[in-house]
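Structures for review follow.
Look for subunit A in each of the two complexes below; its partner is subunit B in the first and subunit C in the second.
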Partner chain A sequence: MSDRAFRRPPAAGRGPVGRVLTDGLVAPLRRFPFGLYPTLMIGVFFMIPFAIMFAISFAHRTESTYEAGFEITHYARFFSPLFTTHLWVTVQFAALASALSLVVAVPFTFFVSRLRRRPQVVALVFILCVLTLSEVIIAYSLSVVMSRSGGLPNVFEWLGFVDRAKSWYPSYFANLFGLTFFNIPFAVLVLYPACTRLDRELTEAAQTMGASPAKAFFTVVLPLLDRTILAAFVLLFVFTMGAFVTPTWLARPEDTMMAQLIAEQALGRGNIPFAAALSVFFMAVTLVLSLLAVRLRRGDRTSGA
Partner chain B sequence: MTRWGKTVFLTLVFGMTAAPLLIVAGVSLNAKKRMFFPPDGVSLRWFPEIFETAKWLEALTNSVVIAVSAAFIAVSIALPIAYFLWRHKVFYAKALFVAGLVPFALPPVITALGMLVFWGEIGFVGKMWNIMIGHGVFLVTLPLVMISLGLESIDDEIVEAARTMGADGRRMFATVIFPMVLPYMVAGYAFVLVLSMNEYIISFFLGQHATITLPVQVLASLRSGYTPVIAAVAVMFILFAVVVFSAVARFGDLPKLLGAWTPKE
Partner chain C sequence: MSGLELRDISKRFGPVTAVADINLHIPEGRFVSFLGPSGCGKTTLLRLIAGLETATAGHIVLDGEDLTDRPTHRRNIGMVFQSLALFPHLSVGENITYSQKIRGAGRAERRKRADELLELVRLPGVADRNIAQLSGGQRQRVAIARALALEPKLFLLDEPLSALDAKLREEMQVELRMLQERLGITTIIVTHDQREAMTMSDEVVVMSTARVQQMGAPLEIYRNPASAFVAEFIGTSNLIEARQADGDSVRIGGQTFRTGGKPDGVAAGGDVVVSVRPEDVHVFPASGEGPNRLDGTVTFVRDVGASVETFVACGDLQIVAMATPKDRPDVHKGDDVKVELPAECCVVLKA
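For the complex of A and B:
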């Protein structure tokens, strides 16, 4: 066996770090040399950029750029209102938009997963098309719907609800609606696997015993999906926190969200160190929440039983 | 709620989701250079304008070149990781797999900033290949998950049969494994292709006004005033996604790719 070639006894005097490196990294790569390419790609173009960004978050800001240094001034700014108000706005939007989109997506996904195969595939293609559609396009089409010249405000005027049509955006409502709209297809895809695993016999049994489909949904399906829905909420929350284009287009300036703040600081004001510090914080929050979602999904009731 | 209620609910959600897209399609048909819905006269003249105006054509070309290459990069990274993990379940392969899942979980603005400072430190900013590699690494998660699904669906007996017949690792990969995961690779490629075409923030950060992609151009044009060309571009995006995903659904098992549970025989 070729395996034997690198199962040599450890060389004398090799420390624990060396052993971890050889056994954990060199040995697996010898067994599968093609693993080197993805290691390099992800390492160089993803890990190293993050390491550089982390270092820059402590750098000293100069007039136009930054220079090497070690200071925590950028992190200290987290206690300023600039940061706290925008963080609070972001959390609000993320929580509301995630919850609202789930209200629509949970029953929707459940029904779609119960469709016969052909209509189900058509529904999935539709959802994927909306999901992958650029945030730019969705924000734009929603702004058309809410604009004075071409959409709902005109319909309302025509129906006599308002005297004079005016544009509905930018506003708190417009941004929340946009974010919710943008989240729905994503929510559907997150919920879909668990919904397909739900045992059909359970709802059928409930209905044979006289429960209406709605009652069966609320008393049988929802309790079984509780963890899945919670995990989906966390994922959507993280996803919405990173929204950039929708708030740029639909929100009022006072409702600026975190991603916009980072872009504004980095590109608009050239304050890369502060933007980097914001990103580091943002990344830590995201990773913790994602791990939480993974744990929640592991306890998913539809898989085990 | 009866069966009827269920149909109404489904139709309502589909309708609500499709409505803005239909309205944009309507706007793109305007005859005059104004945005009206319902359209003020019907004309298709905004569609050829995408290909006749230099800035739109350039953005379109950039987007296509970037998407095609980024999808290739993403699949090329994903395949070895997925195969590594499937073949040798060592810690290192698992770690690589997790590393491949992270980019998609992080808010893209962070990835965009990280990559921007990286290229800034090296001294190449605003190049097209910055965005190609950026998208390739950022979107690697999708082909990674899909190819892994494909590998897991391969029956152990087939692998065993190949081994008994004397195939070594390389031969088995070329003659058995590769053909079996090919549909999953193609699906992964298609997903990255569409997402890269639509991606805004990484393109915006890395492009630095030197390389402009279609979504970046759309937002820039929106800022400087509406024209129906934007709506025409939006319609093109929608059609592109419809074509690609219909093809994936036609030639592959879409529910399975999206994680639907399939009973094992």
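For the complex of A and C:
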């Protein structure tokens, strides 16, 4: 090929058969525009299914299934209390769980990034281990910990904090706790690169000027990480909006989240068009927020200046 | 005792000793350089004084007060970091008055102080700019102003000029020294540049391998280096292996040379190193007889206008002589010459 710096020596014993193989089979492949590969993958695995779902969201619902049609009744249902209540609940959980996980993750990640190499690696491996646990295992384990018979409520009763142990789940708190817990490792991963890029001398300079380590954290580290933290918040928010397993296990019925609602409409009631409409709406929101997150990360202060 | 005292200070990082049993006294108002090659422990020593590292052993005492266990933010020091460590999210003025804000100073007071300090470092009128809008030299001045904002007892600088180009660096050295003289503040600068250390300091602390090799006024160290390492590190020097003879004389390759003195604890016949600065070496035509002279051949002449260096091979030895253009010897490459090592300029060191 023309862009190769050195010509490859001719292959020994390359006979007519070899020539046919390379020229006949490989040559057309060389002309194949490999740049199209991602487009193709996104098309097959993403655009086409999305187009089908988008079409179904306008379909007409029949007694048992749905038939082709064009109606916006499913989108109109968004204004029903069923939808608005649960959207509001979902937004609340997503916002609170994201914020709380960041309250834990920001100081933690900064602290880890200041450690020496070896303990830093240990801490990160530990966090990655938590990531490998499936949401199901985490939600189930938390439910055991919060159960009346086997968990913390019993310990509290034994310690005398409460008269009679009561199960802590399902509850608003249990769901919020589960979602927050699940978000923390993701938050750490998003924050970690920016934290390691923060020059140690910045906080040291603050200390030489009379700032205690805590004061230096609030006046130097947090302002420098503001964009990163906001981007992490948006990503976690999007992520939590789609939570399904944790609320199924830990939330009360009145705190049903959107993903559960979609599943219930699709699987429980066979209302595929409404589920599709919910999903389309959900995707639109996610897309907008994700774009916002990308923009925010571009403004990361630790990488510039 | 006023000033800064380091008593038996040691710092180990795991198996590595960065600073070993250092004892120093820096009187108030002095400008001192910690000079040494990289990895010699000079930066660690400065960070110990700042409280950014904790000493493994020993005490740090400032004006009679033991600072050893006091955290950095309560030591009242000003420090300029190698990266300068200016806060990118704050304006120039906010950077300079960060320490005052921490102490709860009001807006007007901070504004006034920022203007004063910028005036002091000769950079007026930039308080409202962004750090990113400043040039390297300007950032330098902002970092210095910021470190001086609280009128600290100690002013510490960790290779602050290393990022500047050569010309600007030399200007800043003179300026920094004049600023320090005006304020009379005890100042310690870490540097690996001997010229920088000699330009600015009252006293130079030469360090290598975690220890202080020599401490003294720049010229004192230059004239009387305590070891071959110091002679080599401060300026350039002709180091000649020799054997101690009787009294103030040494044997070099079968010839006897008179010297300026004899190191303690070296008996006649012991191995020594003679250090002679290039500017003290004189080159004569081969016919010129006299004491303390070696025969040799000119191998190279480096004439850079401001000075002339003559490289002479004397057997296995290479001797470099340096002269001003006015005193330049009339010799050329290939000429046979005699080099004189004046007795009073031959510093004899333990081998």
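Going forward, the second predicted complex is superposed on the first by the 264 of 305 C-alpha atoms of A that agree within 3 Å, B and C clash if a C-alpha of one lies under 4 Å from a C-alpha of the other, contacts with A are read in each partner's own complex, and residues count from 1 in each chain.
Everything that follows uses one rule, which is that contacts are C-beta pairs under 8 Å (C-beta built on N, C-alpha and C of every residue); 3 or more make two chains touch, one makes a residue touch a chain.
Quantities reported herein were computed from a predicted structural model and do not represent experimental measurements.
Enquirer: Which partner, subunit B or subunit C, is in contact with more residues of subunit A?
Expert: B
Enquirer: In the superposed arrangement, which partner chain does A:Asp199 touch: subunit B (first), subunit C (second), both, or neither?
Expert: second
Enquirer: Contact-wise, after the overlay, does A:Pro185 reach subunit B, subunit C, both or neither (first, second, both, neither)?
Expert: It touches subunit B, and subunit C stays clear.
Enquirer: Taking the superposition on A as described, I'd like to know which of subunit B and subunit C A:Pro223 touches: first, second, both or neither.
Expert: Second partner only.
Enquirer: Looking at the overlay, does A:Ser212 come into contact with subunit B only (first), subunit C only (second), both, or neither?
Expert: In the superposed model, A:Ser212 contacts both subunit B and subunit C.
Enquirer: Once the shared chain is lined up, is A:Ala275 touching subunit B (first), subunit C (second), both, or neither of them?
Expert: first
Enquirer: Report, in rising order, the residues of subunit A that make contact with subunit B in one complex and with subunit C in the other.
Expert: In subunit A, residues 212-213 are touched by subunit B and also by subunit C.
Enquirer: Enumerate the contact residues on subunit B facing subunit A in the complex.
Expert: 1-3, 5-6, 9-10, 13-14, 17-21, 23-24, 27, 34-37, 73, 76-78, 80-81, 83-84, 87-88, 90-93, 96, 99-100, 102-103, 105-111, 113-118, 121, 133-134, 136-137, 140, 191, 194-195, 197-201, 204-205, 215, 218-219, 222, 230-231, 234, 237-238, 241-242, 245-246, 249, 254-255, 258-261
Enquirer: Inside the complex, what are the residues of subunit A that reach subunit C?
Expert: The touching residues are 199, 201-202, 204-213, 215, 219-220, 223-224, 301, 304-305.
Enquirer: Per the contact definition, I'd like the list of subunit C residues that touch subunit A in the complex.
Expert: 50-52, 71-79, 81-83, 85, 87-89, 98-99, 102-103, 131-132, 146-147, 149-150, 156
Enquirer: Taking the complex as given, what residues does subunit A use to touch subunit B?
Expert: Its residues touching subunit B are 24-25, 28-29, 31-32, 34-35, 37-39, 41-42, 45-50, 52-53, 56, 104, 107-108, 111-113, 117, 120-121, 123-126, 128-130, 132-138, 140-142, 144-145, 147, 149-151, 181, 184-185, 189, 192-193, 196-197, 212-214, 217, 238, 241-242, 244-245, 248-249, 258-259, 262-263, 266-267, 272, 275-276, 279, 282-283, 286-287, 290.
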